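Each of the next two complexes has chain A plus one more chain, namely chain B in the first and chain C in the second.
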Partner chain A sequence: MDTPMADTPMAQGSPTARQAPDLARLRSRIASAERRQKIFAIVGVLCTSFAVLVLLAAFLDLLFDGLPRISGDFLTNFPSRRAEQAGILSAWVGSALVMLVTMLSAVPIGIGAAIYLEEYARKNWFTDLIEINVANLAGVPSIVYGLLALGLFVYQFGFGESVLTAGLTLGLLILPIVIVSSREALRAVPIHIREAAYGVGATRWQMVSDHLVPYSRGGMMTGVILGMAEAIGQTAPIITIGALTFIAFLPPPPIGAEFPFLNFEWLMSEFTVLPIQMYNWVSRPDKAFQLNAAAAGVILLLMTLVMNGLAIYLRYQVRKKIKW
Partner chain B sequence: MAAINGAPNAPVRVDPTRLKHKFTRNLKERGIEFVLMFCGLVAVFTTIAITVILVYESIGFFSFVSVWDFLTGTIWSPLFANPQYGILPLISGTLTITVIALIVAVPMGTIIAIWLSEFAPHHVREAVKPALELIAAVPTIVFGYFALLFVTPLLQGTILPDLPGFNMLVPGIVIGVATIPTIASLAEDAMRAVPMAMREGAYAMGSNKMQVALSVVMPAAVSGVVAAYVLAAARAIGETMIVAIAAGQNANFTFNPMESAATLTAYIAQVSLGDLEHGSVAYRSIFAAGLVLLVMTLVLNVGGHFLRRRYRKAY
Partner chain C sequence: MVTTNTTRMTGAIKAEARDLSFYYGDFKSLKGISMALEEHKVTALIGPSGCGKSTFLRCFNRMHDLYPGNRYEGGIDLKPDNVNILSSDVDPIEVRMRIGMVFQKPNPFPKSIYDNVAYGLRVRGVTARSELDDRVERALKAGAIWNEVKDRLDDLAFNLSGGQQQRLCIARALATDPELLLFDEPTSALDPIATGNIEELIGEIKKNVTILIVTHNMQQAARVSDYTAYMYLGELIEFGETSGVFTKPERKETEDYITGRFG
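Let's look at the complex of A and B:
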């Protein structure tokens, strides 16, 4: 980048006779730099609006195709060979159950790891090892988690192609997100809160459970919701563990009418999830099924957008509310 | 307590039940610390488990197929009657699509980042940034639908009438578009981290916005911007669903974006969807493909890490 400052008359201390032409040159330089800046500003606006418009086109395309198919029947019907009667009942129930397992596994472990790294661990090779691993895991492609689950959960542990396997897989997948955001939330709590708690005789765990966790709950929730939104759209790892694409039954309900009211058979049940149902329909040549795929996509998109919007709103609230 | 109650010189007598209480309290604290440490170790276990499983199944695979044939073969047909296991077609597909994605995403993402960071008014940036995050969170299968049923017919109907229904060009472009928000958001973060004083210095010397952006902010933020590119490349390599839907899934040793092809990820997904016999060569081949994929992303991530370190300037 050439700077207009390099050879101005001032810098050279030139005689008065040469000032007039140099001044003209300087002016033209400034004008051309100004022109380039204007052009760049326009290019910037165009690029941003192009990106936003293309993505908007994607969503509108999906919406136009899918919206007419969405109805009560679509939500309460099983998939079918006839496109008009097919629905996503088994898919959304499967998604919900898998998300439940994901949340129950990733949230305690992720927050626990964050608390350990922020509050307990001394800075040594051991914590470095954990931190490098967390950073590294965030960059591993999601389908590799599927391979891990296929080898470990499906065959080594014998969980099979079950809700449990899928939930744990996605739990591992979102663990880095939960850990990183929980650590940020913990770090935002100022040191004098900790010192005050220790000052009145609290143990470390009392300090953590009575002060740090309640105060950073908003930030942690943001991370958890972002992680869940990431998990619900994941297709590749669930395909890899061998989930079936055509499921015309529901897993046994987790809550029963008789004692002990809870049963865990659903954990081992076969299942399908929304993105897999959508993939199954997309890859059929029949246009009617592709419209079904669009409808499933609209619902999936809506769920991720709502979850992300919630997380953004929550973060905004947390930032606004807390003034230490 | 005794001291406060007005007998300053009386010896302090500690209730033995309190000593016992202290012991159990410490035990509880230790136990909790141990549990929390275990939570942290899950990340380490995961990495170890990924490595062990991929390597273990790959070793099984390489007892059927020689490593040399695997790395240099140009035909990949594990599901045929006469199977051949040359990984190059999957790598060529992966690289072609990744390069197309980067050609789309890098210039667009960088320009958007510069514009947002240096040009856009405050309220525009505050609106666009969350929108970018929202877009980055859209499930990729939705983009897959868009690629196959919107972009491909669009290109066929306008500028590329010869484009086949399955090709590498469209998934590449769509992955690129899907990655723009990632690059723009991360690069913008890096640019915002450049101290205001540096910009003010340049403005005081008479620079205009573009000169500040390109000759002051960009060089200072280059480590973060490059890190954004590397992350985007790793994402593009690991992207599965867009490719699996729109690229055609037949392993094809070509770099021509107009042809259909399979990537490492698409192959893994394709085989997993079929009937997979545990322990068969086809079963093990997806772990070998996964190992190659992991190595490629690992090289990128480690390279990005060192680039960041190399260019890191402390302000």
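Let's look at the complex of A and C:
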């Protein structure tokens, strides 16, 4: 109906006798093209294996140094002046509490902002400006976040050098990652699913809360976890806000045995985190402390790997269940 | 412009477009369309791609309101209460509560079969489990899919075949008892057998609901509809009883399109 035969070259003019193609020339051209593609494949393998091997070497080096030091005691001891007795209890507990604050602050704000920008905001110069800003925030050096937090959270709001300050700072740091990945997850829900919801009479909010959020939850969580994996290794902003490098106590536990069971004193407690503990140990001349640093590094790396693994698993689960 | 081909509507009128124009930004894509839909009848919209038939259909449930820069002129009166559903005083949600839609591509929610059909009811505030059960079953029966799914209502709707998904979408639309049901090329993504099932179903459900259907397929229009409207470049060229439009069209353009000389 749309392409009349008369337009195709086959039907144009009178038929002429075709000459046999020059097969030898054709074959030599194909052979040389194949040769070039083989060369590229080899170069590609070399590049890939270089990247993987360097990473693997770094990881193995850390593992050989650190593994012998990892034991139950290492996880349950406070840092000490004696390298053999030193442990990372205050560091990993501190990291866990800071991550909790990071998650509780970045998830609602990030997802809320993503839903607003994607579903509610009108397209105009103002939302363009916000979008450019969010994208640029992801590229701001982390120490700048530390300076901002020092001025705002530590002095202005009077949160001090606390778990709360650190958690909020890292929350701010990963906000762009959470916003961008949540928006991508929302955008992945096809228009025809939105129209189906509107078609039966849903309001915008019903469409968002009954459909968009549940269907994009996996993608959003993936972004959150990747952001957290990035945050847990951050050192510079935490140093800037004044985390201590030697902490021989734990913050008060968030959950108590007595009513009201929840306790928020830990938010204002001083703290340290794994990367700072590592930094402290690495900078000492004693070789034994440097082995401690390697061991802490292995633990940190494992935490990151577990988080990334969780993100991959979530994404796999979502793709298995929802194929548009 | 419009030739009204022996349009003696015998039954009551369900909806009437009055001099309806529609703009995508500055582009006028519907040009003063006036036509009536008779109650409990199927009206088919035919015409070449880009003629505005889907645009016209989507005016009836204010789908265009979802996207910025769209504008209506004129009106569509929904009878018997005579509300102009395009009026800016009328909430598009209210319009969509009264007028259902079935889309080109089957678009069930990634939820269970039951929850798909129940969603429209839940949006309308139905929460009692017994009422939901009852109305979901009735809708699935009306959508001619009950026998295939009654033992697996908790399965994901995505596990159904394309034809079953489309019948589920019809059941989802029927569950809320719409006054008018819009079909936007409902069989263009389906195989001939599934298409036959849907066409048969349309014949069945028109007993209870008025239907407006866009189709690319002229044989389909001839098979399922009582009235046919031929549109071209945003204008209504000819509108009349399907038998008349297909056997002795009054306009040359309609005849050219129907006989395949154009389009």
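Things worth noting here:
Definition applied: the second predicted complex is superposed on the first by the 274 of 324 C-alpha atoms of A that agree within 3 Å, B and C clash if a C-alpha of one lies under 4 Å from a C-alpha of the other, contacts with A are read in each partner's own complex, and residues count from 1 in each chain.
Basically, contacts are C-beta pairs under 8 Å (C-beta built on N, C-alpha and C of every residue); 3 or more make two chains touch, one makes a residue touch a chain.
Since we're looking at a predicted model, the values are computed, not measured.
Partners chain B and chain C fit side by side in the overlay (superposition on chain A). Applying the stated contact rule after C-alpha superposition, one finds that A:Val45 touches chain B and leaves chain C untouched. Touch criterion not met for A:Gly219: it reaches neither chain B nor chain C. Within the superposed three-chain model, A:Glu195 lies in touch with chain C and out of touch with chain B [touch as defined at top].
By the document's definition of touching, of the two partners only chain B reaches A:Ile179; chain C does not. Of the two partner chains placed by the overlay, only chain B lies in contact with A:Val54; chain C stays clear of it. When the two complexes are overlaid on their common chain A, residue A:Thr203 makes contact with chain B and with chain C alike.
Nearest C-alpha atoms belonging to chain B and chain C sit 6 Å apart in the superposition, given in whole angstrom.
Residues 1, 203 of chain A lie at the contact with chain B in one complex and at the contact with chain C in the other. Taken together, the chain B residues at the contact with chain A in this complex read 25, 28-29, 32-33, 35-44, 46-47, 49-50, 53-54, 56-57, 108, 111-112, 114-116, 119-120, 128, 130-131, 133-135, 137-146, 148-150, 177, 180-181, 184, 205-211, 213-215, 231, 234, 237-241, 244-245, 265, 268-269, 272-273, 276, 278, 286-287, 290, 293-294, 297-298, 300-301. Chain C makes touch with chain A in their complex at residues 61, 63, 66, 68, 93, 96-97, 100-101, 103, 105, 107-110, 119-120, 123-124, 156, 158, 169, 172-173, 176, 260, 263. Taken in their complex, chain A has these residues touching chain C: 1, 122-123, 190, 192-203, 206, 210-211, 215, 321-323.
Note for the complex: chain A touches chain B at residues 1, 3-5, 33-34, 36-37, 40-41, 43-45, 47-48, 50-52, 54-55, 57-58, 61-62, 65, 108-113, 115-117, 120-121, 127, 129-130, 133-134, 136-137, 139-148, 150-152, 155, 172, 175-176, 179, 203-205, 226, 229-230, 232-236, 239-242, 245, 275, 278-279, 282-283, 290, 293-294, 297, 300-301, 304-305, 308-309, 312.
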